[in-house]
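In the two assemblies presented below, chain A is common to both, partnered first by chain B and then by chain C.
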Partner chain A sequence: MSDGLLQKFITLERKYIYLVVLIVAAIPTVKPLGIPIVISEETRIFYQEIEKLEPGDVIFLWITTDAGDYPEIGQTSESILQELFARDVKVLMASGRMATSMLFLPNLERISDKFGKVNGVDWMYYGYIPGEEVAMASLAADFHSIPVDVYGTPIEQLSILNNLNTISDVQLFIGALESPDDLAAVVRQIHVTYGAKCLVTVTQKCLSAATPYLGAGQIAGILKGVRGGAEFEQITHRPGLLSQQIDVQVLVQGSVLILGFSYMISDAIIRLKQKKEVEK
Partner chain B sequence: MSVIWRRDIPRVFMVFFVLLMVLDFNITGVPILKDTSNSAKGGIVVVTAFSQVLGAIILMRHYFESAKKRKPGWQVNVYGIVLFLFMVTIGITYGVLHPWYQWVYNSMNVPLDIAGSSLLMVFIVSAGYRLFKIRNIESVLIVVTLTLTILSQVPLGEHLWRDFPLIGNWIETVPTAGAYRGIMITTAFGTIMLIIRSILGIEEGLFRRV
Partner chain C sequence: MISSDPAIWVSALLSLFVFSYLIKETVLYHIAENTLVTTTLAHSIVTGVVVIMTVAVYPILRGNFVNIIPLFLGLMLITRLSKKYAWLSKYGTAYLVGVGNGVIIRSVIQSDIIKQIQATSFSLLTDPLKLFNNLILSSSVIVTILYFIFTIPKYHEMKAAKYINKWARWVMIVGFSFSFASVMVSRISGATRFLNLVLVDWLGIYFG
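Moving on to the complex of A and B:
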């Protein structure tokens, strides 16, 4: 390969890289490839914890995500919710971000209708509660501290909350978490304070923060980003948007490797040639 | 007098709430402590909601001043004011579940938020492309780790060699988790020391505006 071409490659303008990424990401979006994925041990452990739930058990689902991360953990939360409803598990839900409330509610209603579940009996949703960690602590200490649900219905009228007062009264806590701070808040306010069993689904950027908690046993199970969500869809036999996103992830990350190694080899060849010319 | 308002009273509140939460966590079987703690947590939720309103008011004041003085980009500020007033009016009058409110939010805020996050992808790819530059031992380690991590996470890697996920798992659970544990522990100790120093009056950073 000529030196000019190699030099052009290593000084490639960013707009061409962006174009490559755009094309590579667009292909599976338009035509899903259906790349098979292997279910990881972490997803199996997460699913086994869900399998232990009996019909009538109550779990608490806490979701914190902005619109940007909703395709990742919001979709995973919907997938988890479908599995919980299929097992006749009752679900209490709340959000730590305003965006979650706006995005999640229509999907919650759709899933509820699909499984024939009733608001107030099989599920209830507090909506967005300001305060992040403090909101989580307040709700965990007393489910009746928030007087109404997302529709403005007084919670005394919701039969699902009969005989439920604190987080200790539920069988499981599931957190769909966007940032390491949210993860630390769950561990502090839920597991450490009440000893509740916690499962989490986190964004890719939280993985480094989640691993110590997983190793210490403070988190019982984890779904890791898009990959974990896609695996959960596969293991519950309900493939959805996350399985499609895996195709995009594979191609984009593959393109990073190909471009990166090409850059590395080109750079090495040019420097070797320059070194030989200097020696001459 | 202003020193008492700006420094001493906030410090008293801080000491009270810190002690309340610490005692509530460590002492069980005292109902009044639990009830006071729960009330405090609920009260802070309300205060947080009001602080968001305060933040919105401050932002609107900034927009008004910017628009009045015709600063660069004042047209966007006017648009922001109009949108804010519209959303607040609809939200208060009809609630956030009203179709108009939902439409504005879903057609403007959500796509922009998602687009902003998606742009990160192209920047990361561009940065990753330039990261593959071997100059020294550190750069070799970076390239090798990056390659192994990517191959361990995508299905492609598993199909190439079934043990790639094991390597990625090791990288995640041993060196990365170890480094993260160190950061978390030191951060926690630092936070505790900062609170103790603030309570004792040694650290005045939190009340520096006196």
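Moving on to the complex of A and C:
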């Protein structure tokens, strides 16, 4: 390849690179390619834990996400919720972020209607609870510490909370977490303090923080970002938006890798040639 | 077919306004930015008021007078705005920090230290691949910890320390690279959702 071409490539303006990535991303968005999704071992382990639940069991779902991360873990939470409702598992839910209620509640109601579930009997949602880790600790110690649910209904009127007082009374804790701090809070306040089994679905950026907890057995199962969510959709036979997004993810990540490596190789070739010319 | 839902129109247009920043800082970008800031602030204020009313004020009105204490401590935080009475806010802050730290400290040693040390230790009586992985993991942890030791006199001047430090730097570079790559993949997910919103939900271009 000629030096001029290599030099042009490494000095290419960013807008052309953005354009290439945009085209690569747009094609599978409008025309899904159906790239097969291989179910990972982590997703299988996560699903096996959910399979162990019996009808009538109660689990706690803690969701912390803002609008930016909702496409990753919010939609995964919806997939998990569908599987739980399909198994007649009762779900208690709460959020650690203000935006979560706004984003999650309409979808929760839609899924509840789809499965014929009743608020207060089959599920209940506390809504946003301020205080992050302290709020989590307080709620885990006493489910009745928050006087009302997201609709303003007094807790005493919700039959789902009969005979449920602390996190030890539920069979499973599932965290949909957007930051490493939330993940650490779940491990500290739920797993270590009460010995409760914890499954988590995390954003991709939390993976480096999640790996030590997973290795130490403090997290029983994990779904990793969009890929984990897409795999969960596949394993539960309910393909949705996340499965469609995998095509785009694979192509965009592949194109970024190719562009990145091409740049590094071109730069290395030019530097080597310049070094040889200087030595001459 | 193009969407007739006003919410999708607003979402798509504001998303495009934000992406106009890639060309240059435009008026459209500022419109989107300021809309985000103001709506987030408004939502936060409304949510804050609703939470305080439901969790603190209404229980007080129903006879649960214990809630007066945290409500009073929270109100003391506002005194920070006054130069004369700002010292009162320290009581509220102290309570917040104290409870926060107390809740964390009771379990952080078990979760972040003891369990992690246990997980790093390993048995030699295992299959070769696992043993190799465990050796890499444990040695990487040890050299990284040694890299940050500054209390042993002249440790970093030793010849062996040079190689250990180089090894530790490579371990950290690989770790940080992995974190950066994870964040990048996370951002691609957000961009993917944006494309889906604009092309499929808004413009109705779909050949699935």
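Throughout what follows, the second predicted complex is superposed on the first by the 277 of 280 C-alpha atoms of A that agree within 3 Å, B and C clash if a C-alpha of one lies under 4 Å from a C-alpha of the other, contacts with A are read in each partner's own complex, and residues count from 1 in each chain.
Just so it is clear, a residue touches a chain if its C-beta (ideal position, glycine included) is under 8 Å from a C-beta of that chain, and two chains touch if they have at least 3 such contacts.
These numbers were taken from a predicted model, which means no experiment stands behind them.
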Partner chain(s) touched by A:191 [first = chain B, second = chain C, both, neither]: second
Which of chain B and chain C A:207 touches, first, second, both or neither: both
Touching partner for A:119 - first (chain B), second (chain C), both, neither: neither
Partner chain in contact with A:253 - chain B first, chain C second, else both or neither: both
Which superposed partner A:148 touches (first chain B, second chain C, both, neither): second
Touching partner for A:130 - first (chain B), second (chain C), both, neither: both
Touched partner set for A:17, first chain B, second chain C, both or neither: first
Which of chain B and chain C A:29 touches, first, second, both or neither: second
Which superposed partner A:236 touches (first chain B, second chain C, both, neither): neither
On chain A, the residue positions that both chain B and chain C contact, one per complex: 18, 22, 25, 68-69, 71, 99, 101-102, 129-130, 134, 137, 146, 152, 184, 193, 207-208, 212, 215, 249, 252-253, 256
Residues of chain C touching chain A in the complex: 22-23, 43-44, 47-48, 51, 54-55, 58-59, 99-100, 103-104, 106-108, 110-112, 115-116, 118-119, 175, 178-179, 182-186, 188-193, 195-196, 199-200, 205-208
For the chain A and chain B complex, residues of the former touching the latter: 14, 17-18, 21-22, 25, 35-38, 40, 66-71, 99, 101-103, 105, 129-132, 134-135, 137-138, 141-142, 145-146, 151-152, 184, 193, 207-209, 211-212, 215, 227, 246, 249-250, 252-257, 259-261, 263-264, 267-268
Chain C contact footprint on chain A (complex, rising order): 15, 18, 22, 25-26, 29-32, 68-69, 71-72, 98-99, 101-102, 128-130, 133-134, 137, 146-148, 152, 184, 187-189, 191-193, 203-208, 212-213, 215-218, 225-226, 241, 244-245, 248-249, 252-253, 256
Of chain B, residues touching chain A in the complex: 25, 34, 37-38, 41-42, 44-45, 48-49, 52, 95-97, 102, 105-106, 109-110, 113-114, 116-118, 121-122, 125-126, 128-134, 143, 146-147, 150-151, 153-156, 158, 165, 172-173, 176-177, 180-181, 184
